[in-house]
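Notes for the one structure printed next.
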Amino acid sequence: MEAKEIYARTERKFSGKVSGFQGDVIDPNFRVEAQAIVEVCRYLRDDPELNFETLSDLTGLDLPKENRLQVVYHLYSYSKRHQIVLKVDLPRDNPHVSTMEGVWKVANWLEREVFDLFGVIFEGHSDLRRILLPEDWVGYPLRKDYVEQEEYDGISTQRAPLVEKLLR
Amino acid sequence: MQQLVDQLIQEGNFPGVPREIVYAGAMILAAFAVLSFFVAPLAGVTSWLERRVWARMQSRVGPNRVGPQGILQWLADGIKNLLKEDIIPAAADKWLFSLAPYVVFVGFLATFVVIPFGSQLIVADLNIGILYLLAVTSLVVVGILMAGWASNNKWSLLGGMRSAAQIVSYEIPAGLAVLTIIFAAGTMSMQGIIKAQGWAPWDWLLFYNPFTFGAFFLYFTAALAEGNRTPFDIPEAESELVAGYVTEYSGMRFLFFFFAEWGNLYVIGAIATTLFLGGWQVPPVTDHPVLLAILQFVVFFVKAYFWVFVAMWVRGTLPRVRVDQLMSLCWKYMVPLSFVCLLGTAGWMVLFPRGNRLASVGMFLVGVAILLQFAKRVRYQIRHARPELYWKPYI
Amino acid sequence: MSEAPHNGGEAFHTEDMTISMGPQHPSTHGVLRFIVKTDGEVMSEAIPDVGYLHRSIEKIGEKVTWHGYVPYTDRADYLAAMFTNQAFCMAAEKLGGIEVARRGEFCRVIACELNRIASHLISVGTFGQDIGAVTPFLHALRERETINNFMEEICGARLTYNYIRIGGVGYDILPETCARVREFLDHFEPIVDEYNRLLSYNKIFVERLANIAAITREDAFQYNIVGPNLRACGLKWDIRRDIPYSVYPELEFDIPVGTGEKGTLGDCYDRYIVRIREMEESCKILRQCLKMLPKGPAIAKVARKFKPPAGEVYVRVEAPRGDMGFYVVSDGSEYPYRVRIRTGSFTAMSLIDKISRGLMVADLIALIASLDVDAPEIDR
């Protein structure tokens, strides 16, 4: 099914909660309100003609200029062979969105990763811990304004400039 | 050996020394001689050979640097391990931890007392030789359990528990298979069992009847399991339990476990040879006592070592079974089958109290047929092997 | 924790043993860690703990130029570096609207399929080793060594290739190499049969794998299991055929799927045998590519200061460990704005917690090996 039609159907069902369809880009996408994302995804999964069986990817995108964080959902349907990209805009200072775990279980780990690297809080997540970084790491590295802590557990994270070291 | 010592005493070599002390001294000397001139090089060379055979099966070269074709590799390894730091983990039970390798080692070494290398070459021909053998090999499980427990490491503990369950279970089919032979031979002395056989294959107890034929395979399988060999090497399964009960060991203590394991391979072969394959029996070609002793030794050694090679071959070929499959194999199949062998032999002895020559020759032909079929399979594999096989024994 | 067993009216106090399996453990293929709770040999749960090999490759992507990022993608999955190269370059080409040189496309497919065979050889070999058969492992590595030699001839590196560039490939494949690859294929195809005789149909091996940790199709969708693991569940799905890219539509090849031939559909054995069969298919693809290799330049002209217009793209590539997805965002500058690498191993790892309950410790090893999870790919 064409992305345009997917969007049209979704809009008919959730009018006002979805917006900003971009159809003439490489991967067509539209925006979903943060409160509605779980319902929309459940609809996209369960509707027999849309039938998005799997969540290919769930990741974040930091846009500091517009002061927002995006959570990007890549949905794919094996049976219908179509793809759609959903985007949820969140404020940068307090990003909250509901968890997708109830729709696709793979979201558990993908959301943990987004929490780990972007600091997005997924409400209702069963096990929201850091996954790639240590538990006591400070900051969210994939945010554009991230500054690495200088020391971690007494180990310096800075590398001495090689040339200066040689000159000394 | 006792005759030799008696003779020395009668000739007045030890005036005023009590007979018991002379005996004890002789035993210690004999043990020392066997240990340093036979067991240690044997286990060492076996370890080298296993690595070479294994390497060749895996299209590698294997150790070939120390000595001709690397045959002295075991000496280098031994020296290296002697010089290594001997680490005892802080949380380990120090006494048990240090003791465990020696218990395993003694359990393995004590078997050499009753292994008959020739009609005269035996340390002590106990009248309960085979029973003694089963008893001392059980000591190994105590050592392994000690090692597993004392290391204070969960992997070691799991390895130790697995090993205990495995060895205790497999002792039953092994014991029953041995009992089958004791029935047929009518004695428990190792020499007695060999003397009940002849040099010709159809006089071997292997072909005595169909049941002893089956008992042989049961024995060999159970012995592989008792010796923690692939496909039954689950106690030290490196991909599951890191190294099982030897995880925390290092240096010489570590080596002792493997010394026992490689030595044990030969013991397995030697027992199989004694019980089933006619032991040192040779055709009557010479009367010269020294020549005869050498010939007997060579025949025994070759037969026993063939099974060492088979064990290496099996290790190079098969994956490892899972622990529950191991147990079900033992209790569901091998134990009932070994009872069948035992009762079958008992029934056979009622039917044919003096044995049945025709059946023996028949079984021998069956054995040859099986061997031919197996050779055919091996030939097929060799002909379809890629890349080209490297036939030369050296590299 | 089940109820304490009763013995003569008195209850023993028993508790599960918690073992930390990894990060240094012989069969976790790198630095994975599982927190295993066992009751003797039977596990009640195995919680995967990842992140020991995290090298922040995604963050690095924001700091280097488009061309400069290609060598970094190698490191995302060093057993199949060609595919990460290809995925990133495809993303950049789609963003920049670059037509890839036709010879370059064929060179890519040849290099990728060689790499796929090498990666599957590692997978199959270590599988045998984890089950306890060491010989197949070394036989597999022997063949992989030949492939590594080809890779060295093709691009000068044996593991981290940096071969595929934006617009084509870095170096043309020489006719001598083509001839040698052809020779290798003649030699290799019968060897797959040898692995089958040695390992695949071995009774013990089959018994160890059949009916262990079967993944249902629903679970595969829910956990987004991809690649050979998905095909083992019986779904005929291959990105090379179903979302075609490069020159794969011109090539003929089968997609092996699991059939549950020795046990349940989607068990460890199916996952194993699918990989064996995929190697045969890769050989077919390689033969066709070598025949069809056109003349011409191997790389299209791409500006040295490559600046694709603003936009975003999600590309998928069929890597040995399944769907390798690159989500690349460009803001029109010299540097990628965001690079996201989505790998098959990461999602497969999240499934282990669910399907490992009630298995034995030895089965967990088989499960890890059969999913072919790879630490660098999980942690990136």
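The letters A, B and C name the chains in turn, as written, and every chain counts its residues from 1.
Keep this in mind: a residue touches a chain if its C-beta (ideal position, glycine included) is under 8 Å from a C-beta of that chain, and two chains touch if they have at least 3 such contacts.
Just so it is clear, the structure is predicted and the values come from calculations on it, not from any experiment.
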Most remote chain, CA-based centroid, reference being chain C: B
Most central chain, judged by mean C-alpha position against the global CA mean: C
Where chain A and chain C are represented by their mean Cα positions, the distance between them in whole Å: 24
Chain B and chain C: spacing of chain centres that average the CA atoms, whole Å: 44
Centroid spacing, where centroids are CA-atom means, of chain A and chain B in whole angstrom: 62
Contact set on chain C toward chain B in their complex: 17, 19, 25-27, 40-41, 128-135, 137-139, 142, 187, 190-191, 193-194, 197-199, 202, 204-205, 207-208, 360-363, 365
Chain C - residues contacting chain A, complex: 50-51, 54, 56, 58-59, 62, 94-95, 221-224, 235, 237, 242-243, 311-314, 316, 323, 325, 327, 329, 338, 340, 342, 346-347, 349-350, 354, 379-380
Of all residues in chain A, those that touch chain C in their complex: 25-27, 53-57, 59, 61-62, 72, 74, 78, 81, 83, 85, 104-106, 108-110, 113, 117, 130-134, 141-142, 144
In the complex, chain B residues that touch chain C: 54, 57-60, 154-155, 158, 161-162, 230-231, 233-234, 237-242, 316-325, 381, 384-387
